[in-house]
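Would you mind keeping the following structure in view while I ask a few things?
Going by the order they are written in, the chains are A, B, C and D; count residues from 1 in each one.
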Amino acid sequence: MDFFLTLVQVLDSTIRLATPLLLACLAGLYSERAGIFDIGLEGKMLMAAFFSAAVAAVTGSVWLGLLAGIAASLVLSALHGFASITFRGNQLISGVAINFLASGMTVLIAQSWFKQGGRTPSLFGEGRFESAEFPYAIGPEDAELTGRPVSELMSETNALHLAYSELLSGHSILVYVAFLMVPLTWWILFRTRFGLRLRAVGENPAAVDTAGVSVVGLRYAAVAICGVLCGIAGAYLATALQAGFVKEMTAGRGFIALAALIFAKWRPWHAMWACLLFGLLQAVALRFQNIDLGGVVIPVQVMDALPYILTVVILAGFVGKAIPPRAGGEPYVKER
Amino acid sequence: MEKMPKWADVVLIPIISLLLATILSAIVILAIGEDPIEAVNLMVTGALGSTYGWGYTLYYATNFIFTGLAVAVAFHARLFNIGGEGQAMLGGLGVAIVCLSVPWPHWTIALLAACAASMIFGAAWAAIPAYLQAKRGSHIVITTIMFNFIAAAFLNYMLVNVMRPQGSQDPATARFPEAVHLPTFQSMFSTAENVMFRGAPANISFFVAILACFVVWALIWRTRLGYEIRAYGHSETGAVYAGISPVRITVIAMLISGALAGLMAINNVMGEAERLVLNATEGAGFIGIAVALMGRSHPFGVFLAAILFGFLYQGGAELALWTSIPRELIVVIQALVILFTGALDNMVRIPLEKLFMALRKGSA
Amino acid sequence: EPALIFDLGGKFDKSFNEAAHNGASRWAEETGGSYREIEMQSEAQREQALRRFAEAGSNPIITMGFGMADPLSAVASDYPDTTFVVVDVTWLDAPNVRQVGFAEHEGSYLVGMMAAMASKSGTVGFIGGMDVPLIRHFGCGYAQGAKAVNPDINVVANMTGTTPAAWNDPVKGSELTKAQISQGADVVYAAAGGTGVGVLQTAADEGILSIGVDSNQNHLHPGKVLTSMLKRVDVAVYDAMSAGDDVETGVFTMGLAEDGVGVSMDENNAELVSDDMKAAVDKARQDIIDGNVSVVSYYENDSCPALQF
Amino acid sequence: MTVPAIELKGISKAFGPVQANKDISISVAPGTIHGIIGENGAGKSTLMSILYGFYKADKGEIWINGQKTDIPDSQAAIASGIGMVFQHFKLVENFTVLENIVLGAEDGGLLAPSLAKARKELKALEEEYELFVDPDKRIDEIGVGMQQRVEILKALYRKAEILILDEPTGVLTPAEADQLFRILDRLRSEGKTIIVITHKLREIMENTDTVSVMRRGEMTATVKTADTNPQELAELMVGRKVLLQVDKVPAQPGKPVLEIENLSVTDSAGVERVKGIDLSVRAGEIVGIAGVAGNGQSELLEVLGGMRPGQGSIKLNGERLAMHGPGSDGQARRAQGVAHVPEDRQREGLIMDFYAWENVAFGYHRDPAYKRGLFMDNAALRADTEAKIEKFDVRPPNGWLTAKSFSGGNQQKIVVAREIERNPDLLLVGQPTRGVDIGAIEFIHKQIVALRDQGKAILLVSVELEEIFSLSDRIAVMFDGHIMGERLPAETDEKELGLLMAGVAGEAA
């Protein structure tokens, strides 16, 4: 039971850590499947995190915050599209610039609006995403009723109920959105006209062009979806996981999401597993610091690096070659 | 026949792009309620108006030249080395070990040894991702990102638990002995009556960086290895046809790239801090990506882009010293410069090409 | 005109640098004086900022953090007429430097005691930012305090990461807190800069107690933050600025006796602190000041008797 | 007089400083096949791309069925009933045939109904025009012939009344080409209008009703096919007299240079592509390997050229060559005296972004002749390039142009010059004249024969039976990784070879 409890808790942590990665990873998937490489996921998330928290703080409504976050991320997406689709610029450079821009702008604006050192005021009540409680799940209400902490109640119930209460129930709505996006993305990509065209434009834009479909339009659409998802990811960080924006709070998650995307070879279900794997590795590393192996204490640095080491090992051992969408990174040029 | 003269492509477009970036930056400065003219003035005089300012500008530029060249060399083999940061950290470790463990008689020998050590350490850190890419197809972008994190953890462990002098509260190595201190610009260029570059950290490493530019240029465009690297970068199938081993080129290009990134340590660790501190690289590995992209992977372009970023760093520092403009403004300006000169250059090029075509038609 | 040089974290780090900022602002408000300031963004700037301010005639020049020790030792002798103040550095040999150190372990000891007394589960947590000696120093005092109250107490100590991002990753702070809660911790002490925001938030959300650091953070979640370990950097800065040109040089350690460190008691945590707790803390405070109790500093021999890192 | 199906009036188009089309007018009657010929880079593809809305003309008008029509993009072209099969197919390689066909012509937001409908209609089209394809195969799993059928089906599925084909037979075997023209004939008989670009005069003569000749961006002539002959067309195209037949003396074979025994090759996917073949080539002899693309010829060349490992024995001048590990790569082969004109000049033979002079060293860049101290001797290389450009009449004669700015024919001349001028013992040649205009074909053929006459061994792989016949001294036919038989050109004919190529074994070789 104790082991099971620990396992469930680690998995619960995995889900929370994986959610922003998953959203960003799916965002990148749309963009890169359409042939637009995006290393600016990090910047878009950060911008969205700030604007969602800022608007939620000012209006007191987390939903307005979410919209603001998405809008902010969309603006950066439009910039990326402008540079890499309309003006056929270098997609990597544009992504790098967007990351810098977000990193600087968030703090600059935060400072001039709130004067709290690049931070937004803390969110409370309606300004934050509450976690959803499923029927029959153990949650804070039960704790209040019985006057005992949730963790105690959890440790007393049976395994199924425990897993149900911890893993399925008790997450913010954005978590469910993120995981529902996986089948949805799969369905859009492989079952709809839009998906067919999207994948085609990432493989061979000339084929799409000569088939009478606008390459530019499709790519902008993909980049816009990417913006929306990054927006949700950022809002999740600042308004669901946390209660406000702190500078650089994305802490490299956009890059990890990018790694997960390559890991998943640009496929939605694999993306989910990759993000869960990254989440799990991090959760494990956080949970089991300073492990004592018969007198030898593993230094915290080893545990800290472990997710990254394991990623490399798994990548080298099991994943093999990842072939990106063929037209990825190349601007579509008819006439030179 | 070209669409427009080469000088326009090489000189005019970057200048117009920079101008656009400057104008937008000015608007941002206005928006936060400061005076843009004053700000630009401060930045330019602070970074370029004195030998002192140059001393800082060139110090930063030296870092960026090394990491920019590192990224550029890998780019020529169509490898995206995001791992410059980690490789530079390891280079620092190499320099620290060399400087602390041997009683060097003179800085010249120490510098040679430090160069070798930093290059070996940097290359070693690039070797595993390189090997995995070449042999297992593990995507170099992921592995180098991961290796940055691993390097940070490793360095943290070394500085906190191994190399920190007993009782020191600072997670850093001991100071390097006097004998290995590199000559700074101050000591090189000052005369008795005229002190130049006073206190600035620019040091002899800058000339090593310039040398590295020439070496990389010669390597890429003048040697057979460089020819193979470029050929492989343009076409893998072509390389196989020509008997160029993709595995070999991938590994060699990454080793060179890692060595160059590692070499940065002679500047920041040996030349400036004179000891190894946590976070000594300060993101120079990532700036190197922007520098290489903006410099179009050409050593001369890298050099210019590095100077530009050095200017932004030093100008930004001066701005922060004398005004209340938040330091993040500099990050925004950097973003705008990267955006306009790097990603939106076609926005300038397309109308300019039309203009030149029209001029040519008009004169013909 | 005095000058203030913040450390890399920036002046709004909600703890260390911000305390300095508060001290300076208080001085400016009270006296109507003005001062120069700069936030470091790179290692090379440390020396640059020192020299530039010294050349511009600023005096005293107040600098924050152990990272300034090295540059200061190189610069101070070049400007004998300028007085420098450095916080968190006590080992330099320079006549024109005022070195202010804090006995963080003593303050941490007191909050450790409070944590142990407030804990029902017998497990308390510590969350540090990066694994550096200073943070171990905090954790070590905390563990000693907790063990003084309850020798069997279990102290769970975690560090957030190894890159500078570790100071600004509230999400990771949250997860660490949750991990510690699941290990039974019901009081956590955060010494992790911006990451601590996530720790305090999650502790409040999950219904356990947290302990803030450096500045008084009790107000962040009233009724949920047990106390804050105060490190009166603001006082040090305020004093130095007030003294102006005549600021005294030498090494000054601000411990409990000097009110340099302490625990924060205000209306936000009044309900959480029982009279017993208050009494015990006051007694321990006096004992430490009197030398009856000695708190071991991690720096003494790079190890901690009460906690393994 | 009927209204023309297509009328172009005064079309001009410039790519930057290059005037690709100059004031071109042309008119095509409905229900006819119209041929367009011209040298590489004459502007044929550009003109057709304008008609299809892929490029926008700078000037000029397009009239379809007597109506002035604006064609700003391909969608408009499709709406006007125009379909185009591009020289480089516009297919998504990892999509299925069916997906490629519906792409852009879907019926609704969901894919399944569109695919179902397309599957049905495809069946009907297939039967009507004998255009058989497997709708569920992925494009990268099927041969070029099938890919082309997919392109035609794409156009027909979109109800094209006017069909443009840009060099459709460049990559087809003779049998496939014949079948294509049968299909085109059938389309014509249904009243559809067809424009075909080709470099092969025979195809023009046999299949078209009218023909236009383009040269340097201009339309030089449009004639009724019945009123002209190949010689005249060739002259109109190139502006000089062209020898349409290879002129060579009988071979005088010497000792064996290349001896292959029991050679097998497995590709990276683990499929055995060459299955234990024996073959020899003697000095002063051209051995041609005929076969439908994809029957192991490419892999055979690649093993010999050091591009992939193999099993069995290869001897060169009596000495065994390594087939994997050291001594088996392209560098080693070149040192051993093997030169290689690869099948795909753009993907293999050249680095498209390198200057011509850099490409002249490609594969030979480690030659001591190009070395000076630590560096490459670029001056020597450039001098060498100038000589080669001059000798092989590469146009424009400028070594400082990147490979991609030369036309296909001139790119091929650079590759051939580089390999032949090495004076190798054994020359491997893959598809030497694919997509190359007749002027260049004539020249390249002459060079290959000249090398043979110097007593060198040459192994030629080509899917052009005509080329195989006119160059080879001995012909081997490959099918499914086996050599089906060897023939002397004088003692066989296209029919017999065709059967062998289809895997129908003749009498033992």
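By our rule, a residue touches a chain if its C-beta (ideal position, glycine included) is under 8 Å from a C-beta of that chain, and two chains touch if they have at least 3 such contacts.
Here's who's who by UniProt: A, B = Nucleoside ABC transporter membrane protein; D = Nucleoside ABC transporter ATP-binding protein.
None of these values were measured; they are calculated from a predicted model.
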Task: Pair of chains ranked first by number of touching C-beta pairs - done: A-B
- [ ] Find the geometric centre of each of chain B and chain D from their Cα atoms only, then give the gap between the two centres in Å, rounded to an integer.
- [x] 46
TODO: Using mean C-alpha positions as chain centres, tell me how far chain B is from chain C in Å, no decimals.
DONE: 35
TODO: Could you please state the distance in Å, as a whole number, between where the Cα atoms of chain A are centred and where those of chain C are centred?
DONE: 33
Task: Averaged-CA centre spacing for the pair chain D and chain A, given as whole angstrom - done: 47
Task: Residues of chain C touching at least two other chains - done: 10, 131, 162-163
TODO: Indicate the residues of chain B shared as contacts by at least two other chains.
DONE: 149, 153, 156-157, 160, 330
Open item on the list: Residues touching two or more other chains, restricted to chain A: which are they?
Closed with: 111, 118, 301, 304-305
- [ ] Determine which chains touch and list them pairwise.
- [x] A-B, A-C, A-D, B-C, B-D
Open item on the list: Give the list of chain C residues in touch with chain A in this complex.
Closed with: 10-14, 18, 131, 157-159, 161-163, 165, 168-172, 174-176, 178-179, 181-182, 184, 186, 194, 197-198, 201, 206-208, 220, 308-309
- [ ] Could you pull out which chain B residues touch chain A in their complex?
- [x] 28, 32-33, 80, 82, 128-129, 132, 136-139, 141-143, 145-147, 149-150, 153-154, 156-157, 160-161, 289-290, 293-294, 326, 328-336, 338-339, 342-347, 350
TODO: Within their complex, state which residues of chain B touch chain D.
DONE: 1-3, 218, 222-224, 227-228, 230-231, 234-235, 237-238, 240-245, 353, 357, 360
Task: For the chain A and chain B complex, residues of the former touching the latter - done: 79, 82-84, 87-94, 96-101, 103-105, 107-108, 111-112, 118, 255-256, 258-259, 262-263, 299, 301-302, 304-305, 308-309, 311-312, 315-316, 319-322
- [ ] Quick one: which bits of chain D touch chain A in the complex? Just the residue numbers, please.
- [x] 15-16, 52, 54-55, 73-75, 77-79, 84, 86, 90-95, 99-100, 102-106, 108-112, 114, 154
